[in-house]
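Each of the next two complexes has subunit A plus one more chain, namely subunit B in the first and subunit C in the second.
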Partner chain A sequence: MSGVLSVTGLRARYGGVEVVHGIDFDVHEGEIVALVGPNGAGKTTVLRGISRTVRTQGTVTLLGVGTHGKDAASVARLGVGHVPQGRGTFADLTVLQNLRLGLLARGRAHRRHGDADLTRMIDMFPVLGEFLSRPAGALSGGQQQMLAIARALLARPRVLLIDEPSLGLAPVTTSMLFRTLRELRSDWGVSVLLAEQNARLSLSIADRAVVLAGGLIVHTGPSAEVAESGELRRAYLGSAAEQAVTR
Partner chain B sequence: MRKWLLWGVVAVAGIALPYILDDYQTFQIARVTTTALPIASLVLLTGWSGQVSAGQGALFGLGAYTCAIAIVSGGLPWPVAVLLAMVVGLAAGLLLGLPALRLSGMSLGLITLSLAVLFPLLLSRFKDLTGGPFGIQTPPVRTPAGIQLSSAQFLYLVTFVALAAVFALLALLCRGRTGRALDALRLQPAMARTTGVDTRRLSVLVVGMSGAVAALGGALNALVLQSVVPDAYAFTFSLALLTGAVIGGIRSWAGALVGAVFVVYVPQLVSDTVGDTLAGHWTQVGYALVLLLTLYFAPQGLAGLGSRITTKIGERRAHQNFAP
Partner chain C sequence: MTEILQQLVNGLAGGCVYAGLALAVSVVFQGTGLLNFAQGEMAVVAAYAAWSLAAAGWPPVAAIPVVVAGSAALGAVLERVLVRPVEGTSPLALITVTAALLLGLNGLVAVIWGTDPHSWDSPFGASAVRLGDVVLTAQQIGSVAVVAVVMVAVGCFFRFTGLGLRMKAVAINPGSAVLLGIRPGRMLAVGWALAGAVGGVAGLMTAPTVGLSPEMMQGPLLMAFAAAALGGFASPFGSALGGVVLGVLTTMAARYVPALGGDLALVVPFGVIFLVLLVKPSGLFGRAAVVRS
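Let's turn to the complex of A and B:
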């Protein structure tokens, strides 16, 4: 598999505090990579650094093209879709207007297929089709999350960055959403970098996982292996708690 | 479809008006059409892109003075002078938009506020160019040979065609991809960037375009009034334009016309009622009162209120038709 997204020596700071301390990882073609770790591990900052919504040091390349010096809009047009944490929708616009906004970032090659992709997207998320003229802010949390993902997909990104999609959602909605995420790569030919605090959930759909703790990568490997590793438990619970669990 | 029909009726009525009204009334409605242009520039800037300008009156004045100087000192024909005024307005808008990008929040509002306050003072200061407090008199626009219209009728039709062209262009611009990008810019600029909208370029471009439209209005207004004086472009005029935009409907092109009627006729109405001495004071009171009432009872402006009433009547009729 070839590397679609490559991150090398990524560092980020807020004010004088460095929160990501030089991390390296790749996302390959058609792969789902889970970025897991506890609160404050730096997952959101890594995603924001890749989409250039925060300034970072280090190198990020998408299909061999560096994003250094580019702004968030250029990176989006280059093929990075970002579904931010929380309700990543334009609440005052209708569902249809939100979806059409997704078409703005797509390259010229995909522009004429916009309406066809819109129809395809509504087939994928039928609930959005029912509420096309409703303001996005009036949708439920799960529906808004679907809308945010749908909007990002309509840009036809090569890599989709999804930040904490399960945040504030009911378990049933979360399961449904994750089932949809699993189908994305085959349906839309997109690689996914999924930052999620719920490690069990994200590892269940990911091919590989990168475990972050305190702004550093503490473990990386196939999801099944990471799920069994002590590093994951240590990242979430700390070493003392991990020893207690093992005992 | 109904909307296009309505605009068609407005266009026909607009063209027919100078044949029905006398020259003075025609002169007055030419003031309305030229004032609708800077208000339309505010609709684009504030209503669509979410940026606030407190200096649109100064950009209108810049267009007026550029046109007057180009005709009187430069000897240029009036159509060229008007085009030159638009180019100067565009450049001024771009210059205002660029520093605003470096700052955040209300920076454009504050920069344009400074411009609005400084502009009349600068006009008085550089009197060799601007004529100082007495301003510049421009020659009347003559009707081209072969056209059977008075000067007032001809000039009104010129302003009307300009207004219609600007409305059509701006309405087209705010549809489709650019319209969606403007929506994103206005509502959530940070998220707009992640959807591929170059918010910096779009912001500067919109400020530039709004400058050009305001300057066009100013240039045509100078031709209608045949004079430009610094007092006409005081800070209060910028506020009047902003008030007119809110009263008409900050996202409505029709609202720009309604707002212009308000800005042109309220001072005259007040002057007729309380006399010239107190008119300035009571005009401000009138603006404030109507603005408050609009914000309370028709936050989408009078144009928005009109379309809401039409929709309600339509719904009621439909209900009556289908009632058992």
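Let's turn to the complex of A and C:
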């Protein structure tokens, strides 16, 4: 598998405090990578650094193109989709207008498939189809999460960064969401970097895991290996991962 | 009855001035989420520029497109040079910049063209049409038609075009818009350019009626803000319609409520706005912000 996203020596600071201390990892084509770790590990900051919504030091390359000196809009145009915590929907626009913004963001190569892809998204998230003319702000938290992910996917990114997708979602919704990600990884060849505090969930769908703690990578490996490592679970992943293995 | 119809026509024509400017105010609000207090002065610059071109022998058919395009360019330049540096600081800073722009442009007009009022012939000619005993001037018919066309065009732009949708997205949530590859700065410049063009049209429609002076748009701007509040700042159609309603109400009140002569006639439309906003704070055609979760 070839590297779609490559992160080398990434450092980030808020004010005078460095919160990510020079980390290296790759995401390969069609791969789902779980970025796991306790609260404050730096997961959200790493995603923001990749999408250039926070300033960082180090090198991030997407399909061999460096993002240094580029703004967040340019990085998005390179093929990085980012679903931030808090969803980031356009509350006053309708569901359909939110989805159209995703279609407008896609590259020329995918434009002629727009209608078919929109239909597919609505098939995957039927609730969005029911509320196409409703303002996004009127949707429930789970529905907004689906809308944010569907919108990001309609842009046909090469790499999708998703921050805490399970936050506030019912377990059944989360399962459906993760199932969708697995399908699209195969069908659309999108690579996914998933930052999720609930390690059990993310390890269950990921191919590989990057374990972060205190702004450093403490382990990288196949997700099954991380899920089975009692030491890692106890040290960094909390009770959720413990439960994953004991079940 | 004829008298009432004539007053209605006069009110509609006067309301079109407010409608045009309210439309420009709504465009900036839709595209940037900001109230532009300098919108009226930008229209004054357009009116004086057209007057200068006319004085230099340009026919209206050539002068008007050039002035409208120039107004769009002025809007984009003002956004880039004066507004963008304070974008993202605080709403108060942005309001202060547009208020300062109002004063600055007003002074600039006085320096370039002087403070003496000038008259300017209507680009639609001086003819009139009689419908029974009701008289419609070419200026009234022309300005109503132009404002209606601009209103429909602006409405279609925001409703049906990708650029219009991107502009609304930036105004609502610039942080998320960036993640979709949208450049907020570019969208804001387009918003100001569009508002500059629409405001320029409003200035050109107003000048033949009220005459040219640096203060010619100050009263209409106040009415335009009121119109946008009545119809909904986020609704170009509602804002324009609000302007027409205000024009009719003001004219009727001044004519038929004996105690409300002159500026006191403003009490009636503003009373109506007060009542509407009590019932529907987002305006008649505005949509209240919906936030759940």
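The rule is simple: the second predicted complex is superposed on the first by the 232 of 247 C-alpha atoms of A that agree within 3 Å, B and C clash if a C-alpha of one lies under 4 Å from a C-alpha of the other, contacts with A are read in each partner's own complex, and residues count from 1 in each chain.
FYI, a residue touches a chain if its C-beta (ideal position, glycine included) is under 8 Å from a C-beta of that chain, and two chains touch if they have at least 3 such contacts.
Values in this document were obtained by computation on a predicted structure and should not be read as measured data.
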item: Fit or clash between subunit C and subunit B when superposed on subunit A; value: clash
item: Of subunit C and subunit B, partner touching more subunit A residues; value: C
item: First (subunit B), second (subunit C), both or neither touched by A:R185; value: neither
item: Which superposed partner A:L101 touches (first subunit B, second subunit C, both, neither); value: both
item: Partner chain(s) touched by A:P135 [first = subunit B, second = subunit C, both, neither]; value: second
item: Touched partner set for A:D92, first subunit B, second subunit C, both or neither; value: both
item: Partner chain in contact with A:P84 - subunit B first, subunit C second, else both or neither; value: both
item: Doubly contacted residues of subunit A, that is, touched by subunit B and again by subunit C; value: 51, 53, 71-74, 76-77, 81-82, 84, 88, 90-93, 97, 100-102, 104-105, 151-152, 155
item: Residues on subunit A engaged by subunit C in the complex (per definition of touch); value: 51, 53, 71-74, 76-77, 81-82, 84, 88-93, 97, 100-102, 104-105, 135, 137-141, 144, 151-152, 155, 168
item: Of all residues in subunit A, those that touch subunit B in their complex; value: 51, 53, 71-74, 76-77, 81-82, 84, 88, 90-93, 97, 100-106, 151-152, 155
item: In the complex with subunit A, residue positions of subunit B that touch it; value: 177, 180-181, 183-184, 187-188, 190-200
item: Footprint of subunit A on subunit C - complex, ascending; value: 162, 165-166, 168-169, 172-173, 175-183, 234, 287, 289-293
